[in-house]
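By written order: A, B, C, D and E. Residues from 1 in each chain.
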Amino acid sequence: MVDEREALIPKVGVVTDIRIDTPDVKTFRVVTPDGKKAFEHRPGQCAMLSIPGVGEAMFSITSSPTNTEFMEFSIKKCGCVTEWLHSMEVGQQITIRGPYGRPFPVDTEFAGHDLLFIAGGIGLAPLRSVINYCRHYRDRYGKIDIVYGSRSKQDLVDYDEIISEWKNDDGINVHLTIDREQPEWDGHVGFVPNYVKELGFTNDKIAVLCGPPVMIKFTLSGLQELGFDKTQVYTTMELRMKCGIGKCGRCNIGSKYVCKDGPVFRFDEIDELPDEY
Amino acid sequence: MQEIKREVLVNKAKELLSDGTVDRVLGWKRGEFDYDVTPGVFRSAEELDSGFVWGDFCGANFSKYLVKETAKGEGRVLVFLKPCDTYSFNQLLTEHRFDREKVYALGVPCNGMLDISRIKESAEGIVSVCEEDGKVTADTLYDGKKTFDRDALLPDRCSNCKSKKHVAYDELLGSDGEVLDSGRFDEVEKLEKMTADERFAFWQGELSRCIRCNACRDVCPACTCEKCVFDNPDSGVENKAAADSFEEKMFHIIRAFHVAGRCTDCGECSRVCPQHIPLHLLNRKFIKDIDEFYGEYQAGAEVGSRAPVVNYTTDDIEPSQAVERGEQNA
Amino acid sequence: MQVNEYKPLIVAFCCNWCSYAGADLAGNNRLNYPADVKIIRVPCSCRVNPMFILRAFQRGADGVIICGCHPGDCHYTSGNYYTRRRMALLFSMLDYLGIERERTRVEWVSAAEGAKFAATMKDFAEKVASLGENKRLEDLRCKK
Amino acid sequence: MRKISLDRLDALFAAISKAYTLYIPTDTKAGAKFEKWHGEERLSDALNTVRSPKDFFFPQTENLMDFKVEGKNIEVIDTRSECGDFAVFGVRACDVKSFDILDRVFLSDPVDSYYKNRREHGVIISLACTKPAETCFCHTFGIDAASPEGDVVCHKTEDALYMEARSEKGEKLMSAVSDITEDADSAAVDAQKKLIEDRLAKLPLAELSADAFGDGKTSEFFNAPEWSELSEACLGCGTCTFVCPTCQCYDIKDFNTGHGVKRFRCWDSCMYSDFTKMSAGQPRLTQLERFRQRFMHKLVYYPTNNDGLFSCVGCGRCVAKCPIHMNIVKVMKKLGGSKNG
Amino acid sequence: MQRIGVFVCHCGTNIAGTVDVKAVAEALKNEPGVVFSTDYQYMCSQSGQNMIKEAVAEHRLTGIVVCSCSPRMHEATFRKTAQAAGLNPYMVEIANIREQCSWVHKDMPIGTEKAVILAKAAVAKVNLNAPLTPGESPVTKRALVIGGGIAGIQTALDIADAGFPVDIVETKPTIGGKMAQLDKTFPTLDCAACILTPKMVDVAQNEKIRIFSYSEVTDVKGFVGNFDVTIKRKARYVKEDVCTGCGLCTEKCPQKNVPNEFNLGMDNRRAIYIPFAQAVPKVATIDPNYCTMLKTGKCGVCSKVCTAGAIDYSAKDEYIEERYGAIVAATGFNPISMEKFDEFAYSQSKDVITSLELERLMNAAGPTGGTLLRPSDGEHPHTIVFVQCVGSRCAACEQKGKEYCSKICCMYTAKHAMLIRDKYPDTDVYVFYIDVRTPGKNFDEFYRRAVEEYGVHYIKGMVGKVSPEGGKLKVQASDLIYGKQLHIDADLVVLAAAIEPDKSARGLATMLTASMDTNDFFTEAHPKLRPVESPTAGVFLSGTCQGPKDIPETVAQAGAAASKVIGLLAKDKLLGNPCVAHSDEMMCNGCSTCEKVCPYGAITYQDKEFRMPDRTTKVRRIAVVNEAVCQGCGACTVACMSGAMDLRGFSSKQIMAEVDAICK
């Protein structure tokens, strides 16, 4: 038959590890049945995971491309596919196809610059891939600041990795915050946009934002107050996707398809799109 | 030809707008041709003057629009209701789907609405359509003027009109008619008299044309569910495009069953079907059965009536008798 | 002579209070009926949605039978009256669409009528078997 | 150019059928429809089919793959198979153009192999429109109903069918019918083209122009207040998208058959309320946004990505079939302003 | 995803004899969700149950499928086992492979194949099971009895006797009901008053019982255990707690021409009255329709003569609200109107009377002081004709009377005939009947005594016409046995009028959401097995409001209703059935369809505000199921076209999963 590889036909993946990050976020490690990475990707790209009979959904790949053994996905429970994924046990097979979308310009625009990563809640998941990529090629970048906030300490994704690895790296400053006071927390308390302004970064960096729409909106204006231009700020978007290859029409905003032309966008590019997300 | 002239409707609408009775008017908007009339909302006398039409192609039943339109704001909406639309209007009120207080209903007599596809069957390139003394003349691109008997251009729902009587209105323009003894079950009976194989072949042929565009559902005044079972992945019957002939049957059987006892037989489903599937014959089967099994019942004839499917008597017909009765017909 | 190997698949919805108990009684009395009949317990026959019936046909059932308490004896007073109306209308519609009318049935079986249950199932299974496979309401995707 | 007498159409169809599965438009009580030619079918005189021929390449539903699930294990079964050669006769100029529009979606990287497979094996035999309808506006998009594109282009006159191959596939098909066709000059065809051009100029929508729209017009039209009025009566059904030859949105769904899972693709409509719905939210909340999406896509977004090519071919199907008679013509006139007087 | 354990029971050889249980356990191992599958001799035994508990712990099971006997047998057992193992009891499903498989199929391969399919269906269902918790509601330990006739009185006494407070609401100024109007009772001929009035006194003296006489129930809200009832206490213009019942006012009142309803209008009373001597409460009542003071403001005689100062012309209707745990309907009956039976000349002659009127004419406290006299002229009647089945057992098509048998007429007519023949042996008594129905203890003996010892003329046949002529009543009748026409000149004609439920029952049924049959008798929850309960939980039925019955039957049913009430009130909390309907408010259209099919009135509607995705709010009407009232039949789930209504424990998805599994 047609020997062409069809973009819509997935590979089989095996879940080899499941980590409980927060009450509603789990991180899944996926490899092919013969123990290899399903495919190579770039930071910020996504993959379609599916359980036959339940459905298919797009997730950002949270592990760094520099990880040569496996891929990881941090997934928040919020629909039927994610609910199913959350109820899985190690050893379960799923299907996987990808990678999809435009990655962060880590080797071009980002190179040589100071980087500022700002994330809220599950928004850290897509950034984790870039952050770890930048940590891997530490010498290619300047200073790295990471501002990360969540509702509570329990809701901070990848808390262990942040504390045991990121915080210990040279030239990386991690600023954590949670929304409300809680007993076993001696760090900063407050919302991310305010914290960013409090921290008062210089505008010679490239900023990458990811989180809930409200956070993005206020953080962006905060950054603009600090003198950032929209061309310096990147984000990654999420819309309903089906095909992942810019054909099915679902994630179409203006002339762009989020699955193909995104999910990574620079804010000046977003300005050109109609306001529909 | 409709009994009431367009001007009468426009003037009445203007009057009600200007005295503040209503703040908008749900009416028919002029299209590109004489036949492509679109429902629309008019807010001023000027809009009415320029865009309002009333004539032989104003078939759309506005009742369902009231569900959305009345939810929009505080003001009252003026709506024009043809006799058959008033049944849907009542049925929606029975089901608490809109606030009666927010509507000013003007009853308008209807002399049957024309089906443009009947003209198109024998004329190409219709430039205009006009009517005089029961004759409809279509001006065509290639064959000049073609004249038709008006009655021959009526869709089934109008040639078998069930009622010229308005069962709900705040004000009636023109005269009210009577509930008619239509032959609306004749086609159903014809089918009932066929053999099961013939019936199956008939419906297989009809339903296989279905493209699952959902127009029948989306126009149906009885289909106002917040979420239709066919759109709900949790319902177990969700389907989009029919991937198998079973799904077409499933869709149409369930849809007919869901509107059984609630369907007023307005015929919109058949009007809008791009594939000309006689969907009303499914609904009429239920209506006919209900009438025969449980006594005559016309959905929407009065507000608040209890449909036979949500009622019972202790000596109802058994399901086996219901189908055996079919045997006698055959 | 050729032996008819065809075995129909029959789904029986039985109300918990009468017919399911009737089926149990048939068991207690060791009254044989075809194993083609598979019972699904529902609280009342009025729980049976037409969608379940169509679903059964879609998935390959050759016959569907609904059993409930005798009219007037419903545990919930009126459930089976609604069943009777709904199914009279549904079956009539299926018949209208040309689906074989012997594929669907409603039967009232009380908790004391074990014998009736067995006899009914036997009769229904035979009728359905004589019709052969369900072709008119089948979903080809579900064929093995 | 070759020709064959109209009374020998059956012979022509029979000859084509030897090498191809042939589809021709035939009349049914619900309008014209492409049907497989078995020998009995008669060619319809209707201007066009109710459904567009996009089905041949992008069917309403198709099985993409199967899965076998056992315990924790999954097996992916590729169900693709090589498509046989087929020919579609009597495709009108507008519909021929629609394949070009679909190609740019499905054949752009990454290629949709299902579509490509069928496209490679399908031969389009187009037919010029002698009697364009009042709902036709293909000329608005630069399509010439008198000279359609296609692998083989046909003109049907009073007595004969004139055929001309325009592609390799077309040549191949013509060679299969060379025995029963004869050489012809272009005089009759030229005369017919002239006639058609005259007729096109007299159509009610002859003046309709798409000049106001196209590449880069997003901001101009996206927030236009007219969308509200245009969309207010829209039922949100999918009739326009399903009869449209260029609408290509689809959904991918799984169907559990009880002994496996079939993943299939089916047409979807941006007019449907759940098209973009996610568990987290809904970017196109009301029918206004959904309605706008469809027309913006056809008139602005698609041209932006495809060198100004509009993704409407003016076939008039939506004009004829919309339950509430709202359509792209009304949208263009309303939004295009003075340019559409 | 569930972690399901499958346990296949051998049931000795009951199952294992025809089903290869090991093969079943093996076949289930690869079903989705199944992590453990085994078989055992007797799953219901202690060691079988322990095996389940251990497996739950060891394999972290979240759901259990037991392939065994009927769930009607051991579902409760295994639910308890699951609970003991720390699972929700509703995470258990039973595959019935004994009654519905091994016992009805003889062939091992066939039985095994079917058992596997049934087990797979159960697994498919458990995969979709959700933990369910029965709702709890408190029980207000007070009962309301509506109607103060013998049925209500007996029910109230029995409930109070168990220590629970009871209120009786009676529309008349006194309790006692129809029985107080009767003279003697069949078949023992003891005096009705003699046996009834001590009970009335008991009621009055019982501290647990409150009597709201001259009162009506106007509103009922709530549900079993917690009914909020509004009672209208009609203005009586006499202070109940002050009036001593001396009766002076009823003698002095100048308004003497008020028809006395207690004697069915055959004599008069005053505008202020005590219905009868033994009335309870023994308190006077002013009839506002006749009282001159109330109508014109002039008179005031009663107030002047009342030494206790109990008269209060300014009294107003009062409404009181009370909460009850249970409600008993005991609204009783009335003879039907004789309007439509003009052939018997009821409206033309005073001497055509109903049987109840005859009771009063024979009663010592009646208008004639107990002497049987013709109402028209006060003469002693010598020929009396009784007509049976007047309005009973009528063909529906006639639309005149009732289709049912009124049940009591045969016996009271025998009683009347016997009493008349006993007291006035010179009187000829004819009884025209269709059948004589005497099923009851000592009933037939009683009837035969009337015929044989007392010489009552029983004639099988119907009276065609009664015409008053010259002071006589010409009775034309047919004798079906001798096939001849009879003409009798009667002095008195007594009609055995059919009885019908009291008119107030219909309105009450609506308030209680209790269902009624076409004759307006209350329907029972089950005609055989739950005869004194209404389908509406917490509403019970006592006496003739449920169907025609005589006094002993009424008293028996009253006691039965009381015991049901006591059983309910004895509980502190009601545990609901968790398998109840619930409506998804996001999908509900508020169309009121489900409410129409709910036999229990468990569904109400409310307007709820919804936050829309565009941050606006929208008010929508939605259905709300009262889980304490819902019994879980599922009628609403099919009536609901949007699919908003579903049934816990038998959800559409679960049932479809079973269908899929069976049809796989």
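What we mean here is this: a residue touches a chain if its C-beta (ideal position, glycine included) is under 8 Å from a C-beta of that chain, and two chains touch if they have at least 3 such contacts.
Since the model is a prediction, treat every value here as computed from it, not as a measurement.
Shared touching chains for chain C and chain E?
B, D
Please flag the chain sitting at the greatest distance from chain D, going by CA centroids.
E
From chain C, which chain is the farthest off, judged by mean CA positions?
Centroid comparison gives A as the farthest chain from chain C.
If you average the Cα atoms of chain B and of chain E to get two centres, how far apart are those centres in Å?
So the centroids are 46 Å from each other.
Express in whole angstrom the distance between the two chain centres, defined as the mean CA positions of chain A and chain B.
Between these chains, centre-to-centre, one finds 51 Å.
Compute the distance, rounded to whole Å, between the mean C-alpha positions of chain A and chain E.
66
Which chain E residues sit where two or more other chains touch them?
Within chain E, the residues that touch at least two other chains are 597, 639, 652, 656, 660, 663-664.
Would you please write down the residue numbers of chain D that are in contact with two or more other chains?
In chain D, 69, 251, 255-256, 258-259, 268 touch at least two other chains.
At which residue positions does chain B touch at least two other chains?
229, 235-236, 243, 309-311, 314
So which chains end up touching which?
Touching chain pairs, listed by label, are A-D, A-E, B-C, B-D, B-E, C-D, C-E, D-E.
Touching chain A in the complex: which residues of chain D?
Residues 64-65, 67, 69, 72-76, 78, 80-82, 105-106, 108, 110-114, 116-117, 218-219, 222-223, 248-252, 254, 256, 261, 263, 265, 268, 270, 275-280, 283-284, 289, 293, 296-297, 300-302, 304-305 of chain D touch chain A in their complex.
Provide the residue numbers of chain E that touch chain A in the complex, in ascending order.
Going through chain E, the ones touching chain A are 1.
Could you pull out which chain B residues touch chain D in their complex?
Its residues touching chain D are 29, 31-33, 35-41, 60, 65, 124-127, 141-142, 209, 211-215, 217-219, 231, 240-243, 271-272, 274-277.
Sort out for me which residues of chain C touch chain E in the complex.
Result: residues 9, 11, 16, 20-21, 23-24, 26-28, 30-33, 35, 38-44, 46-52, 55-56, 59-61, 72-79, 82, 86, 118, 142 of chain C touch chain E.
Going by the contact rule set out above, which residues of chain C touch chain B in the complex?
Where chain C meets chain B, its residues are 50-51, 54-55, 58, 71-72, 78, 81-82, 84-101, 104-106, 136-141.
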